[in-house]
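Reviewing the structure listed below.
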Amino acid sequence: MRDIGAAVIGTGFIGSVHLNTLRRLGVPVAGVLGSSPSRGAERAKALGVPRAYGSLDELLADPAVQVVHVTSPNVAHYPQVKAILGAGKHVICEKPLSMTSAQSADMLALARASGKIAAVCYNTRFYPLNQHAHGMMSAGELGDLRLITGQFHQDWLAKETDWNWRLEADEGGPLRSVSDIGTHWVDLTNFITGQKPVAVMAELATFIPERQKPLGPVETFTTATGATETRKIATDDAATILLRYGNGGRGVLTTSQISHGRRGLLTWDISGSKASAAWSAEAPENLWIGHREAPNQILLRDPSLMNPFGAAASGMPGGHPEGFADTWAAFFSQVYADVARGSRGPQSTWASFEDGHYEMLFCDAVLESAAQGTWVNIAGGN
Amino acid sequence: MRDIGAAVIGTGFIGSVHLNTLRRLGVPVAGVLGSSPSRGAERAKALGVPRAYGSLDELLADPAVQVVHVTSPNVAHYPQVKAILGAGKHVICEKPLSMTSAQSADMLALARASGKIAAVCYNTRFYPLNQHAHGMMSAGELGDLRLITGQFHQDWLAKETDWNWRLEADEGGPLRSVSDIGTHWVDLTNFITGQKPVAVMAELATFIPERQKPLGPVETFTTATGATETRKIATDDAATILLRYGNGGRGVLTTSQISHGRRGLLTWDISGSKASAAWSAEAPENLWIGHREAPNQILLRDPSLMNPFGAAASGMPGGHPEGFADTWAAFFSQVYADVARGSRGPQSTWASFEDGHYEMLFCDAVLESAAQGTWVNIAGGN
Amino acid sequence: MRDIGAAVIGTGFIGSVHLNTLRRLGVPVAGVLGSSPSRGAERAKALGVPRAYGSLDELLADPAVQVVHVTSPNVAHYPQVKAILGAGKHVICEKPLSMTSAQSADMLALARASGKIAAVCYNTRFYPLNQHAHGMMSAGELGDLRLITGQFHQDWLAKETDWNWRLEADEGGPLRSVSDIGTHWVDLTNFITGQKPVAVMAELATFIPERQKPLGPVETFTTATGATETRKIATDDAATILLRYGNGGRGVLTTSQISHGRRGLLTWDISGSKASAAWSAEAPENLWIGHREAPNQILLRDPSLMNPFGAAASGMPGGHPEGFADTWAAFFSQVYADVARGSRGPQSTWASFEDGHYEMLFCDAVLESAAQGTWVNIAGGN
Amino acid sequence: MRDIGAAVIGTGFIGSVHLNTLRRLGVPVAGVLGSSPSRGAERAKALGVPRAYGSLDELLADPAVQVVHVTSPNVAHYPQVKAILGAGKHVICEKPLSMTSAQSADMLALARASGKIAAVCYNTRFYPLNQHAHGMMSAGELGDLRLITGQFHQDWLAKETDWNWRLEADEGGPLRSVSDIGTHWVDLTNFITGQKPVAVMAELATFIPERQKPLGPVETFTTATGATETRKIATDDAATILLRYGNGGRGVLTTSQISHGRRGLLTWDISGSKASAAWSAEAPENLWIGHREAPNQILLRDPSLMNPFGAAASGMPGGHPEGFADTWAAFFSQVYADVARGSRGPQSTWASFEDGHYEMLFCDAVLESAAQGTWVNIAGGN
């Protein structure tokens, strides 16, 4: 992967994560594209990147670039990805894939037609124990899915003085907690269970109907100071969602960005017909495995104890904790191997545009269900 | 409370818990009533109780008995409680209070008219940290309720060869996991939050549609051997439930009796407008308190660190773990103090027949919602 | 055991624990003996006990008493136990057994000669998972003992204004943390491993050399108010101790009564040649079992998953947490069964006077080692 | 730091960690030096490094190299570091610093004389919560050190068929568990407490006196196959160690490489005169803070809640778990900033050669104490 050149669109928090991961893997990063030419130039210097492109066209014209990473705000994903695929380059796009499922359907069709690698950044799949759980489930070790519960709770928008561009529907889309973090959970558990929910019953809640918007810019996960204006907020601070799976399994998901003391508590808990398993992002190196007639187990991440999926995603021997940054290394490592190969490998586990498009359909169904107060079927569930 | 005589109806697992708790508190137990006179006599001897009544009438005629504990199967609660209150005795009844809300409405009216103490056995309230959480919430320390999530998961009915009388609707009622364990969660969280859900959206699941029923008797939490017959099962192995609260708060509850490795995992997690709190019955001596702008806290049960509600329910200093049996001691201790006083004390926290009746209305709404696939309002919510 | 009469010497915190446990088991308690006749009368009334003895002689003369529980201050154990055994009664004595090993040697000889049941109150053995660990170790499931580490840390004497009679050597003996809580750990791990340390290397520390002694009385685990006087303290606030076992195994124990935030953190962690195990009194319903070539296990207390030792000590099915009070019920239940039988049962696991005497020899060795700064052999180790 | 060139000696597991970290930070790596020229060439190709040096001289002659990372076996540290400093380059050396304290004394003198940056790889300091704990302790938030306990337990040498070069004294030195992992604990806790033990009482244990040595090569943390020969082993499988601090504080450390199920369980637990704190490498994102008169706290790593030391070492916002790899990034980032500055910064927290030399003196004292069975003073303690 050291011969494949990359460029990164977006230079904020998650853009830096992409950049640092590429460096760690030895992938040459040709340049970055900022939100404006001057911002891009400033960030390129700060980040030590050789070049700041003046425009997407300039980026796409750079022959050193074979893979483009899209970390811009959600609203920009659609036009950028179309241009990238149109230019014959591979693309790794942040989630959610787009603003609407019509866009993501287009993007999926383009990706298929292009034959290029097109990945969505659901990095959470790449915690090695999530990969291991995927392997356990596909090998039938837990039996059939009966019940899955889980959550993704944060607190960074718990106060009315907290602000972020995602709060307003025109920039982040009509959903917030469901779209921004809920789709992480949906993607992760779809990956693990091998199923996609077929119907959803959702309730959306906005507990803080008015917030103070700073007049100046705000970085994600930072707090602004200075003058503000009051804005009405309609996007979801939290959501409570019931799920139905094609095999008769049931599920529950809650999302929240207002839970004091929870920074990024993504959890899942699967009750299968043979055994159970559970995992939490707050203790990502432990997989709980539940038994009725034997002691429960805690699998501490260790390649020597894991199935091939888990072992492949482990960058370290046991006893050397891995974290968020390491999931990106495992993720990109697999994608770039597929770029080198020219197609998705048979054992590859990164989220495809099919997955990203499903997440958009899921969001559509959530919105419709919440509006109607009834169950809504999800196209693309299985 | 050592002058107040008690009798216990039912001599199974939970009947023994009642009996042992009464003894520990020094309450004289006059006798027990078994499922049949011979069973009663046999159990009285085994349990070291002076007398086995031949009938409820005989029990009620015993002047040594002032308080009657009802631990019989659900279907017997209604007639027995009516007779007990009619005989002018106090009653402590196992949950759920009855088979239908019509019955519980009657029982509530009778209890009010009688002026007797009438308690329902939601003992989980009496884990001292649940009492403490109740105190925190009523003092406004968590702010307004925004989101509450939780579960009660067990595994004792995870296999098709598991059998219990609760599986069949005619003995245990049309609901199973919701009625047997879900109402524990509802009662507990109503107690803590000071609110009762006003609407519910429920989904019921029966993953094991046919089970093997032993031809002989089975004790709760034991496994039968011998010949069986196949029975179709319609009651819920699990349920997934959304909740709406009167103040705009939202909730999620899941119940399961088929989750391998979970013996009695009752948890709740409250996101308030000021702070969060969470508790698990698997670690009942720890209360998690969540903050946005300070480290989270773990309150290890200790009377010296707790509010009056928590301290009053603590039987031991910190560092001496309490458990299930101790909740009964705190519960009965408070009820018998009220019996001695002749009325419910102003700081009493045991579940009343009002609470027990609400739980029946909750079950009605769950059944209706699951049948219709829509939200259903709950009479009695607030 | 409902025909065997008991009396309790001492009416403080631990005396109440004895009393409540006896009641719960249905053992008739004939009376109590207080620190003075008036204190005894007052406490008997408060505790609902029929009789307060005016003296030990009066107690011993009561034909209703077959078993005497000794919960008086350490200094009184020796004369009281001698009198009890001399009177032909069974005895259950609080730990540590005596003030000196000369006393405990005498007590052991008397107990042997008497043929009576003579137990020491190391109740911690009776957490069911400690019983289970004992069973695992004796069945060879962990292999040979290699390394054992652990602690007993509390914080109730962390401040110079904390006071208790144990602080002064003339009432509590020359050791404090080692004697009061360290011997709990030694007894427990001796029971589990089936070995008694053969040599010790100890270091004693008094971090608070002067304390404020209240002029009035102080109950254990309570805080006094009012006038105080300054007293020099020579007993150990904490101790750090290395251990050698007869089979070549090694150990480490620390005791502390000054560790802020630790109320009763007794832990042990055994590395055997085949597997490991660990337990903590802060999570007494979980036993960690460690493997090199398989996932680690968490055994959640459940009689259906435990060996006969663990199952016998379990009063409740899984999913119903047990605690400190329940250990006493399991402990006394076994002792009274042996009283009924007339001798220690072949599977009995309560601490004998042999064990209690060993603990005194251990304390002797600790004192000598700390004074000399060298390893000291322990008579009675094996 | 993107103008400073580096080279790495050693291409095994830890060499790769160095290399990947440098890449992630954008530090250009000029080349590597393998255990032989052919091994070096092969590894350079595999790792994507531009150059493999044929010898240390060749490496030192490369003007592109300003900082040399030493990850060779312990026995090579001394001559290599001397040459590196002699060549006027900065050095980052793996731990332990040398085979003997005579060597490390020399190395320290050379480092001082050179004025170059000379760091030792005690990366564990750079878990952000360890940095935070250092800040808490230096600000007096825990009060005076009273008691510190802890361990570093692994299981990779638990079986007699496990082999590694560290097992034999002539390659790894006379100590093994103490030197390889114990010094990690000593360095970390010295950093946090601001003190260095002044005396030690140690016991060394070799539970597996004979092992099977493979005739072919073995990588650390891997298992060999094929023919073996029996070798007698004299180095420590485990050690139990008492510590005395200059202020009267006491400590206990155990090290083990034979504890089944523990992959890298490094823990510390400090009882201060005002409060307590504890941390475990198995849950590195949580710091436990203990209080006597308030609930205990769990600080979940988050720069917004940490002191400047902790915040500076955090690469991610809260809710994005950091791990082992991230400690290296924080560590090297600080060292390279000091290289750029030309001297150690006033707030720098990396382990110096003074620290590394102390660790060697500590090992000397451990060996002497274990041989004599007495306390031994440590030169350099404070």
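Read from first to last, the chains carry the letters A, B, C and D; within each, the first residue is number 1.
Here, a residue touches a chain if its C-beta (ideal position, glycine included) is under 8 Å from a C-beta of that chain, and two chains touch if they have at least 3 such contacts.
Heads up on the chains, UniProt names are A, B, C, D = Gfo/Idh/MocA family oxidoreductase.
Computed from a predicted model, the values in this text were never measured in an experiment.
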Quiz item: Which chain's centre, taken as the mean of its Cα atoms, is farthest from the centre of chain D?
Solution: B
Self-check item: Selected pair, greater C-beta contact count between A-C and A-D
Solution: A-D
Practice problem: Determine the centre-to-centre distance between chain C and chain D, using the mean Cα coordinates as centres, and give it in whole Å. | Solution: 41
Quiz prompt | Averaged-CA centre spacing for the pair chain C and chain A, given as whole angstrom | solution = 54
Self-check item: Inter-centroid spacing, chain D versus chain A (mean Cα positions, whole Å)
Solution: 35
Self-check item: Set of chain B residues in contact with two or more other chains
Solution: 261-262, 289, 296, 300, 304
Quiz item: For the complex, which residues does chain D have touching chain A?
Solution: 2, 13, 20-21, 23-26, 48, 154, 156, 221, 223, 261-265, 281-285, 300, 302, 304, 315-326
Practice problem: Give every residue of chain C touching chain A within the complex, in rising order. | Solution: 287, 289, 293-300, 304-305
Quiz item: In their complex, what parts of chain D are in touch with chain C?
Solution: 146-147, 149, 151, 153, 155, 158-159, 201, 203, 205, 207, 237-238, 240, 242-244, 248, 250-252, 254, 256, 258-262, 269, 271-276, 288-292, 296, 373-375
